[in-house]
Every structure is written in structure tokens, then in C-alpha cells.
Amino acid sequence: MTQDTKFHHGDATQNDSPIVEMKNIEKHFGNIIALAGVSFDVRPGECHCLLGDNGAGKSTFIKTMSGVHRPTKGEILFEGKPLNFATPRDAMEAGIATVFQDLAMIPLMSVTRNFFMGREPTTGRGLMKRFDVAKANEVTIEAMRQMGINLRGPDQAVGTLSGGERQTVAIARAVYFGAKVLILDEPTSALGVRQTSNVLATIDRVRKQGIGVVFISHNVRHALAVGDRFTVLNRGKTLGTAKRGEITPEELQDLMAGGQEMAALEGSLDGTI
Amino acid sequence: MNDTVQGAADERLKAEPLFAQLIKRPELGAVAGVILVVIFFSITADRSMFSLSGIINFMTPASQLGILAIGAALLMIGGEFDLSIGSMVAFSGLFFGVCAVTWHLPLVAAIPLTFIFAGAVGALSGNLVIRSGLPSFIVTLAFLFILRGLSLVGLKWATGGSTQLRGVREAVENDWLAPVFSGDAFPGLFAKLADMGLVATFNNGTPKVPGIPVEILWFVAIALIATYVLLRMPVGNWIFAAGGDRTAASNSGVPVNKVKVSLFMLTACCAALVAIITVMDAGSTDARRGFQKEFEAIIAAVVGGCLLTGGYGSAIGAFFGSIIFGMVVIGLTYTNFDQDWFQVFLGGMLLIAVMFNNAIRKRVTGER
Amino acid sequence: QDIVVVAHGQANDPFWSVVKNGAEQAAKDAGVNVDYRSPETFDMVAMSQLIDAAVNQEPAGLIVSIPDADALGPSIQRAVSAGIPVISINSGSDVSKGLGALLHVGQDEFDAGKSAGAKLAEMGGKTAICVNQEVGNVSLDLRCDGFAEGFGGSVTVLPTSNDPAEIEAKVAAALSSDTAIDTVMALGASTAGEPAVAAAKASGRDVNVASFDLSASFLQSIVDGDAAFAIDQQQFLQGYLSVNFMALHAKFGLMPGGNVPSGPNLITADKAAQVIELSAKGIR
Amino acid sequence: MNDTVQGAADERLKAEPLFAQLIKRPELGAVAGVILVVIFFSITADRSMFSLSGIINFMTPASQLGILAIGAALLMIGGEFDLSIGSMVAFSGLFFGVCAVTWHLPLVAAIPLTFIFAGAVGALSGNLVIRSGLPSFIVTLAFLFILRGLSLVGLKWATGGSTQLRGVREAVENDWLAPVFSGDAFPGLFAKLADMGLVATFNNGTPKVPGIPVEILWFVAIALIATYVLLRMPVGNWIFAAGGDRTAASNSGVPVNKVKVSLFMLTACCAALVAIITVMDAGSTDARRGFQKEFEAIIAAVVGGCLLTGGYGSAIGAFFGSIIFGMVVIGLTYTNFDQDWFQVFLGGMLLIAVMFNNAIRKRVTGER
Amino acid sequence: MTQDTKFHHGDATQNDSPIVEMKNIEKHFGNIIALAGVSFDVRPGECHCLLGDNGAGKSTFIKTMSGVHRPTKGEILFEGKPLNFATPRDAMEAGIATVFQDLAMIPLMSVTRNFFMGREPTTGRGLMKRFDVAKANEVTIEAMRQMGINLRGPDQAVGTLSGGERQTVAIARAVYFGAKVLILDEPTSALGVRQTSNVLATIDRVRKQGIGVVFISHNVRHALAVGDRFTVLNRGKTLGTAKRGEITPEELQDLMAGGQEMAALEGSLDGTI
């Protein structure tokens, strides 16, 4: 394996103003309080990791960012202007692409159709304007191959793909369409080692193009490998934000566990899970 | 399998015969059922059933049903139901009748008005479904009752107490638009063919088939357009997505609500089209027009392979489903079975046709 | 010899099943083959298609009911122009000749309603409800309209489904909310008539109940004095005679010179008892 | 909220008023609709509607519908439909009538036989659905037609040509089991109450309400039992699971197929019970009994909060749904509205009741 | 964090005969070949890891083991006797519990009802025999707490749980009911660090009780932490089985990637992904 290439981890372009800024977001579901005031921002060209225990509210938070939920309280600024995305489509048109934890795929539809769902490429003009199936198939197969998955064919139903294959479709789609901000909610959870390294490399590549990345993960090592800043959530609140280099893996892991004791396992895992 | 770009051969794929590839598609599954029904009737029914006039005879109701069924199928693929289709036929039939007879509007005004009116009602029920978050079943069910009731009230108002509005034929007889929506197409051609002895004639020399009823042409055209839209237009993809999983679709940027409302409007317009055609053909309308057509339309769509849960199906399937249904309903009258057994027969044939088509598909594609 | 009957009433409709029985009896007696066909519901478009289907088979004779001359006219004319003899039954006596039918057997629903209305008014009725179990079925609507005209007093149509429990509850509700109601006219004996009798009885009031068509239980109520009368169209004759005429026409070219009225025939307490058995067998 | 064990207070939970907790449950949502309908009728309808006899008057059809609706609701929660319920009422009514009248069986034999017979037909359609993998909609639709047709054929056979089989009342009059399935319960009590002046009487002194019709008691009993089964028996959990996601349920060890077939049998038996009660009450059965009852049963279940897609709903909801439906259908007769508007009114009331209940629930629970 | 406890990694009881033995399993879906002849066995008291790239066929394989799929070809021996589970219920009754990759939960049902779905505890006798809701709630809350999740209440619908919470319910359920064999298909994919260490510790504990564990993971470090044997699948075929200690992490990772090159990432990840 090539050992010679290292990621560039210079100062993220911290001086740029944030693309998206979220202030004191609260979100309640009936009597359940999922977010109790969270602030967060993403700058162009940085990878901001959102970490935290299960049920901390990470997915709920990025869903308010991508227009799925409307915050119960709090303010969202997009490129400096207050904004409320009414639908995910609005967020997408503003340039935010998201890989949701549940992937947002239609099991009965083919890979290609899922890939381009909502943003189909067309060919022809006027009345003859139609879904460009050939091009769509080509793009899909190619995007998947880049992520390390060789599809049998682009018309296999997504419901019959393996867990990792499905997750890869969602990631490839978001990367393809992510114009300004790319949000990834545990994108590597079901991926094989090869695919995982591809995704991490992709995050790095995308960031270098000046896109802001929000990366949610439970894997400290993955977060540290690509992250520029780290924000930790716990029980619906922020525990704080750290910059790359300001925090050790062990400290970060402790924060992610919500400060609670972990089961005895360290011996065989070299410090981090 | 025209969606496929095949890369290098993959050792994880078995070769698949063309036939298996075809029958896998929801569009073509229903064909097996059609074939079975045709075989059945060629054995049991009078020969005249598959004469030209016999075919046109069963294709006419099949087409009227089919226009509704294609609308219903699109809506079902989009994940919703419309139970008010049948009442909509009565209601827009009444509206059209009133336009033509009471207000003496020419067809060029009456027909667009009827479509606009039906579309507006469809938009209303669609918006109610979306806004309230209630199942479309219950909302359109309410519309089933409301529209049926309004048809009755409206008819009584328009006719001064009767439940039947007459005189449409006379009112539209000489309208230049009438041949597009009523009667038979290509009468000249058929007369010539009859003279040449290619079309059977009655004893008095008139051709048994004076032309192709326009509803059949509409039916075929709508089936083709709907198939094109579903498979080759972005909005077709949106329909599948909206019906497959509305949250996932919406999260992926599909304008789910707009798609659904448009589908409700489309179904309503299909009902209006059927209303216009049948009212002009019959020359009258009454309060029971279209009774239970919503039911038959859904049957045809399901026979044609649509899933009730949405997200799967095809317009061509609904096309063949309607033909199966129309053939079975009319076919019995060509056989010697007692009418008392009609329903037993209808149910049995439906079941056998669907099971057969299902069994064939499973056998061929190796599902289990 | 094939004779086809296309009627607007279903084979499981109590009224029409008697027509069908009549037609079958005639077929047996005359040695012909008869097919009874009807649309699944009261549906004029479907009925015209059934007539077309029948014409395609070029039967020796076609027997139709004509509740909507506009909708069915073209199909009937097509049959006539194809050289198929047509007899109309039940409804359409006014248009039958014009469409080319040889003759009409039956009685107009409107007239039957009118005579029932007149009779009930004569029995002292002032305020009536007309229980319609299939609103929009034009032939039932005509019965109500005729009844209203003959009755003269105030008539409200009570729309119901054909579920006996619902009809009974609705009639009971109508009776208890409007104490002026003294007459109940049901449009079908077994579906609407019997529950109406039960509701009237339970109300403890003196209400005249009458019904179209016959059913054994309703006739029993007439005998017992719980119901006033039933209007019998003798629809068995509509089926029997039309098929018989058609068979004779096919064999010998015979055809009576004018329409045959099959009713109306009011069945009151004195006649009811003898009809019960026949009614239970589907002949009356 | 009796499923709850509350641990230590959790800062991630807001306090929730009891009312909100209650109305969240599918069981109780439909109550809001009932209240609305009652308020509406107390304003518009004749006072006699809510007298004792008026209540019993609308509760009788509501109960007959409700028995079917609870069966349909359980089946819907289990993820399937039965469109043959209405035809099953006619068919098992015929079977029961033949047992009692033609074969002169005592009720103690005729009733169990009818249930066994209905259960067998239910098992048949259930097995067809499971084995073929076809949607239950289409399979039971076939049964709708087949059973309806067989009822006609059977009636003609049993009566020698008529579509009505009579004489049931005479046949069962003196049977000891008859009071359990027909007539009014507690006549003695009501007579006494009338004597005491607590129940209104006719001029001749007989009570206006001779007792509580047995179907009401059956209805209440079945609703209670079904609720208990759903919420407190393992099989209730299986029903929810089977309807929620059949693959997940089956993977978790739920015997999905057995559950579904049993539910089909149960619905058929509910239909048989209604058939027995109504045939004994009416003394006769005919070919059109139960027409469209499947439809009304599904309406009542959906009004009561069942999801058409399965996995969610309640028996108590169906209970109130049936009462809403029964009240609206009968209620209009007590008002001064023109009866031509009946269907408009029915549809409008249904829509308003469901929307109201929905709006209340959203408002109270803060969903959006 | 406690560093003093180490797992016991002595020879798994290799001499015991296997509980489940699968021979030359093939599985085709229509024209798709998912498994092309895979052999595998589990012995009591061992943790046998099944590894492999995305789409290799791991989930399909364990689904044939737990009665969901019927193999197209091949033989299954349970405790030495040839056997074909007709339904997952049969497998369960034989003592096999599975955490499926898609979790097999009903979103609309409460946590407790999902936990006990198919195997409800009852109380009372005869006609009064009923679902023991109180006990079920208690067990659920307790089992979840042991895995490191504090539920708000046992009647929250599973559909509204976070991804990791949901996965924990599935694991806790399988552990509770797994009598002889416990199959875990990527159980830690959505878990936080604390929950992950709990699950790994649980696997260890369960194994010591003599239960056979089949553990699927894409995380080499997790696999090495608890596995006794490692079988690697690639494109529907076995690449071979290795015992603990016979293979280095790097070798294993190479095998898991199907022998294909990985994107350049090693620098920041210390050798394994």
C-alpha cells in the first residue's frame, strides 16, 4: 500500500466567512427534546466533524440544516443571510447535498433512477425533452466505480443491493451534486475497507475544491484523518468545538462517549475504538 | 431492458433469456393474462367475439375503463388513491351537459371548461390530502360521496326535477369538434373496406363496423403518452419516487407535493375525458354514471401489476389490465353461461388471469 | 333459435329475477334458447355496449328495456337496421315504436307509481316518504315521481342503501322526527318494504305502508294488516310474453298488433294470501 | 399510557398533559370525531335523535357495521384487506338460512356450522393470498364477485327460483339459542323501567324501547375483546408486526403467515356473525345482503385511525369509526335538510370529522 | 479508562463439533449469483468473524444460516444433522438469534414491542394468559442500559429512535434470546464509541458462556479484538479461513479489500482503516 502520500492538513481557510451558520438551534418532537440549543458553522474548504454519542442529536441537527426539519427555535444563516429552507429541494438548489443516515433511497427503483432522483439529466428540447437514460447510466456506473463498487448493472433495484453498495450510491450521488456544502451522516458505517478509504479520500479531494464538508462519524480515527474542526454533541447540547491539533484522539473519544466510563477493551484496540 | 449499459461480462451474472427479461417488466407481465383470457374465450365463446365488430365491441368499454385506469395507475404509482373517479365521471358529465345543453356553449368552450373544472376539483382533493396529511383513501372517499350527491342535486336543478339530462347529442351534433370526442373515426375508410368486402356487413349492406370508436384511439394514445412520461421523463422518475417512499423522495429533492397534486388533477381530467366521450355518445347523462368505476379502474391497474402501496407499476400494465377486465365482462355474453353465474365467472377469471401471469413471471425469473 | 334479453336490472335484483324466470319459462315452453344479460349496476353506457354485443351475435330476436332512450337508442336502431326483431319490455313504452321495436310489453314505472299514489291518497294519506334504495336509478326515480304526482300531498324522498338494517333505522328516524308522516312508499318489497313495515310497526303509529313489487314476507304483512298493498307489475309476463312473442315471430312471423300492458295490479289483503307461495318461488 | 415504566426524570422530555397522552393513542383519536358529530346533530337534528329510542335506532346499524369494521380493522392492522366481507355476509346468510330452513337444523348446529363454513372460506382466501404472493386486494376482490354470485345461485337453488329465502324466523322461533343472536336483550328490565317511568312508553303502555338489540351487545363485546387481544396478548403484537413490515416480522420470528390466515378467518367469521344476526332479525335473506359493506367497514376502520398500509390502528378506533358512520348516515333523516343532499352531507361530515380529529391530535401532540 | 483487563484469547474450544456447519452453499436471485459455493462453521464458545468487501455476499450467507433464504444448492448441518430451516422462527427455536444488517424492526411499534416481537413473555394462565407488559418494559430498559443507551421510555416508537439506538435494540434483543448461536451482521456500524465497546465486551462475555458467535464487520480492529477465526468472502466465494494469531492486521485488511489497491490514506490511520 502506498505510504508516501499524506493528506494536506494545513490551516483550513478559517478566515472565509461561513457558508452555513446555525445559531442556537432547538428542535422538539412533541414532548421529546432532541436539540436543546446547538450552534455550528461550516466554512468553505474545511471539513467540520460532528461527533457524539448515539442519540445525541447529530442526525436531527443536520436534518434541520438540509431543510428536512424546521427548527423549533434558532436561526439559520446561509452565506450570511437568514434563511429557512422550506423543503430539502430548496437546500439542494442552494448547493447543499446530504447523505442521510437512512440514505433516502427508494428500494424498488433502479440504481440510476435513485442516483438522479429529483435532478434528472435531460436531452432534447421542447416537447422532446426527456430523461437522458444513457448518460445517466454512464455517470452512475462511473461514479460508483470511483468509489470502489463495480455494479452488475445500473438497473438493479436498490432494494436488492448490499448495505455497503447502497450506502455508496448515496455518497456518490451527494458528491456528484454537492456544490457548496456536502453533509455526510455516518457515510462509512456500512462500507468495506477499500470503499471507506475511497470515501475519506473523496472528502479530502472535495474539500480542496473549496466545498464545505460536514462529516458525522463514530470513528475517532476517521474523524481525525480528515477533520479540520471537531464539534461534539451530547444529549442535545454542544460540548464544544476543537481545532485540528488542539485535541488528542483519547480526549476526543472521551468527549464522544459523553464523559461516561467505557467497557474494558482498550488492550486489544490500541487506545481508540 | 433499454435502461441497461452492460459493462464487461460479470461472473456474478447468469445469462438471462430475452423472454425472461421482458416478462420481468411490470409493463409486460399482464400480457400473459390477456393471452390466457383470449384462449379461454376462443374456446368457449361465440366466434363473433373475435370478429372485427366483436373486438371493437369489447374494446369500447375496455377503453372507457382504461382511460380511467391509466390515470388511476399513475396516481397509484405515485402512492395515492382516488376513489372519486367514478363520481367525477358523473359530475363532470353533468357539468359538460349543462355547458352544452343549458348554456348552449360550443364544444370548443365546453370541453376546456369541463377539463378546467375537473382539474380544479382534483387540485382541491389533492391539496386536502397533502395539507391534512390524511390518507387519500378517506379524503377522496368523501369526494366520492360529495360529487355523487352534487351530481344528483345538479341534475335536478338543471332539468327541473329529473335525474336524467337529455339532449346533448342534438346540442353538439354539428359542432366541428364533435368527431374528436364522439362517434367513430375513419368512417370513410371502413365504408370503402366494406365495399371491398374486407369488413363484414349486415344484410342491408352497411358495414358491421362503421369505424373505430374514438375512445379506443384516445385510450391507446393516453397509454403511450403515460408510458413515455413514466419511463422517459424526469417527472416519471418523480412519480415512482414519490410513491416509493415520500420521505426519501422529498429528502432527495423531489417536489413530492407538486407531483401528487398534479396526479390528482390528471386523474380528474381522465374522468372528465371519459365523461365527455360517454355523454356525447349516449346523448344523455344521469346521476348514476360512472358508478363504481373507481373500483374497476383500481382493479384494472392492479391486474396490470401496480402495487397498492405505490412506487411500482406501469401504464401499459393498466392498459392490458383494462383489456382483460373489459374482455371478461363482455365476453360472458358471447358464451352460453347463465347470467346468474356471471359474478362467479368474473371473479374466477380475474383470479385465474392474475395468478397465471404471476406464476409465469415467477417461473421465468426464478423469484421465490 | 337464440333470443337475447338485455335489461337494466341485475339478475340478483328481486324484481328482475322474476323477469328472468319468466323468460326462461317461456324459453322452455317454446323450445328456444334465451340469454338474459344486464350491466353490473344501473349503467346506461354499459347497457348499450351489451346491446351491441348481442347484435354482433345476430340473434333471432332481441328484447330490451329502455330506461334511457337517448343512450340506448343508437344501439337499438343498429339492431333494427341489422334486421334483428326487437321487443321492448318494462320501461320505454313511449319511445319503443320510434326506435323501431315491434311492440312493448310492460307498464310504465311512472304510471304504476301514479296509481299507487292515488290509492294511498284515497286511503287518507297526506304526508308521505318514498324510500328509494338506489337514488339515480332512473326507473326507481320515475316510480317516486309518479307516486308523488298521484299522491298529491307532501312527498319526501328518503335515499338509503339497500341494507335492511339501515333502511329500518332511517324509516324509524323519519317517522320519529316528523310526526305528520302517515304514508310510507317503498320502491322494492324485499329490500325496502319489509324493513319499512318493521319500522312502522315499532313506531306504534298508524302508518300506511305500500311497496312496489312483491316479496313473500311483505305479502304476509299485507295479510296480517301491517301493510296496505303491493303494486304488482306482473313482471313475469314481461319476460314470458316477450320471449314467447319473439319465438312465435321467429317461427311463424306472428306478432300482436299492439302493446301489452302487464300491470299495474294492486295486491291487497284479499289477494295477498294466494300470491305468497308463488312469490316465494320467484314467479310473482 | 399503561405501557410505560418511567425511570428517573429525563431532561430530554417535556412534561406532557394527560389529555395529550390520551389523544395520541389511535384508540382515542376517533373520540374527537364522535364528539363533533354529536354536537352537530344536537344543534341541527330533531331532539328524538338522542332519546333512548333514537340512540338505539342509530346504534343498531352502527353495531352491525361495527362488527365487520373491527374484523376489517384487525386485518388492516395485519397488513391485508378483505373486500369479500359484504359478499360473505350474503353467502353465510344463505348458508345459515339453508341450514335452518331447508335442513331444519337446530341453531346449536346451524350456527357453529355457519362459522366453520365462513372460517373455511376465509382460510381459503387467506391461503391464496399467502401462497400466491398476490395482493390481498385482488384475491379478495375475486372472492367478492364469486361469493356474491354463488349466493344468487344458491338462493335460486334453495327457493326454486326466488332471490329471497324466507321462513327463518318461523324456523328458529322456539330455539333456546335464538335470544343470543336475535331480538332485544333484557326485555324484562326495560318493561320494569317503563313501569317506573324511566323509559318512555307508547300510549298503550308498552315501552318504546323493548330492550337492547343483541347486536349492540355483541358489538361492544367484540370491541373489548379485540382491544384486549391487540394490546395485551402476544398475538396482538404479532398482528402489528405482520402489518408493519412482514419481512422484518418474519425475520424476528413472528409466524406471519399463520397470523394473516387467522385474520382472514376472523374477518369471515365476523361477517358470518352479522349474517346470522341480521337473517334471524329479518327472518329472511336475499342476494343483495351486505352489498358494499366491505367498503363501509374499511371506511369505519380508516375513520377510526387505521392505516391502509397496515401496522397501525386500533379496534376501539374502528368502534368509534362505526358509530360516527352510523350516526351520520341515519342522522340526516332527523334534520330538515333536503334529502337530495344526503351524499354531499355524508361525504362532508366524514371529511370534517376526520380532519377535526386529525387537527386536534396534531395540535395537542405538537406533531407537524 | 481501565487498562488492566485484557480479553482471554486462549484457543477457542476447537475440538468441539460445530453447532452449525454450512457446506458449499450457493444462492442465486434470478440471474444474479450472490453466493457461488461457500463453506463455514461455528463451534461453541468461539467467535468466528465473516469478513469481506461490500457485496461479497456476507449478509446473504448469514441469511441462509438463519432461515431467511433457502440455499439454491448446498447443505446445512445443525448439531451434526442435516437440516433446512423453513422460516426464521424455526432457526430461532433451535437457538439461533440474529442481528440483521437491516435490523428487522417495525418502525411504528414501540421499543418493547419490537424487543419481544415473536417471543412475548406472558403472565397468567389459561384464558387469562397475557402479554406481560410490565416485565417486558423492565427487561427492555435494563438490556438497553447495559448496552449503554438510556431510553426516554420503552414506548417510544422505534422509527423515531436514532440510528445507533435502533441498532442497539436489535443487538440487545439478539443477545437476550441467543441460546446457542448468535449472528451479528455489522452490529457496530451505527454505534458510538461507548456502545461499540459494550458490544465487543458483550460478544466476549457471550462467547465465554459457550455460545457460538458469528461476527460480521468491516472494521479490522474490531474483528481482531474479539475474533477467534476469520473467514474472508470475495465476490460470492471464500478466500480462506485463518486462526487468530496466524494473520496480521495488514494481511487481513488486504484480503478484505479483495486484493485490490486502496486509496492513499495510510499515513493518518496507522495502517488499518
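All chains are identified by letter, namely A, B, C, D and E, in their written order; residue positions are counted from 1 within each chain.
Here, a contact is a pair of C-beta atoms (placed from the backbone, for glycine too) under 8 Å apart; a residue touches a chain by one contact, two chains touch by 3 or more.
It should be emphasised that the depicted structure is a prediction, and the values quoted were computed from it without experimental measurement.
Q: Minimal path length between chain A and chain D through chains that touch?
A: When the steps are counted carefully, the minimum from chain A to chain D is 1.
Q: Please identify the chain with the largest separation between its CA centroid and the CA centroid of chain B.
A: Using the mean of the C-alpha atoms as each chain's centre, the farthest one from chain B is E.
Q: Over half of the residue-numbered contact pairs in common: that is the test. Which of D-E, B-E or A-B passes it against A-D?
A: Most of the contact pairs in A-D are shared with B-E.
Q: From the centre of chain D, which other chain's Cα mean sits the farthest off?
A: Ranked by distance of C-alpha centres from chain D, the top chain is A.
Q: Can you compute the centre-to-centre distance for chain A and chain B, using the mean CA position of each chain? Integer Å is fine.
A: Centre separation, chain A to chain B: 44 Å.
Q: Distance-wise, how many Å sit between the C-alpha centres of chain C and chain E, to the nearest whole number?
A: 71
Q: Measuring centre to centre with CA averages, how many angstrom lie between chain B and chain E?
A: So the centroids are 49 Å from each other.
Q: Give me the residues of chain C that touch two or more other chains.
A: 11-12, 135, in rising order.
Q: List, in ascending order, every residue of chain D touching at least 2 other chains.
A: 12-13, 148, 152, 156, 340, 342-343
Q: Which chain A residues sit where two or more other chains touch them?
A: Counting only residues that touch two or more other chains, chain A contributes 29, 32, 102, 152.
Q: Every pair of chains that touch: which are they?
A: A-B, A-D, A-E, B-C, B-D, B-E, C-D, D-E
Q: Would you mind writing out the residues of chain A in touch with chain D in their complex?
A: On the chain A side, the touching residues are 28-34, 36, 70, 235-236.
Q: In the complex of these two chains, what residues of chain C are touching chain B?
A: Contact set of chain C toward chain B: 11-12, 20, 35-38, 40-46, 48-50, 52-54, 56-58, 68, 70-71, 73, 81-83, 134-138, 141, 145.
Q: State the interface residues of chain B toward chain A in the complex, per the touch definition above.
A: For this pair, the touching residues of chain B are 1-7, 10, 12-13, 228, 231-234, 236-238, 240-241, 244-245, 247-255, 311-312.
Q: Spell out the residues on chain B that touch chain E in their complex, using ranges where they run on.
A: 11-16, 20, 24, 365-368
Q: Once bound in the complex, which stretches of chain D touch chain C?
A: Interface residues on the chain D side: 45-46, 48-49, 51, 53-54, 57-58, 60-61, 64, 148, 151-152, 156, 159-164, 166, 202-204, 206, 208, 278, 281-284, 286-293, 329-331, 333-335, 339-340, 342-343.
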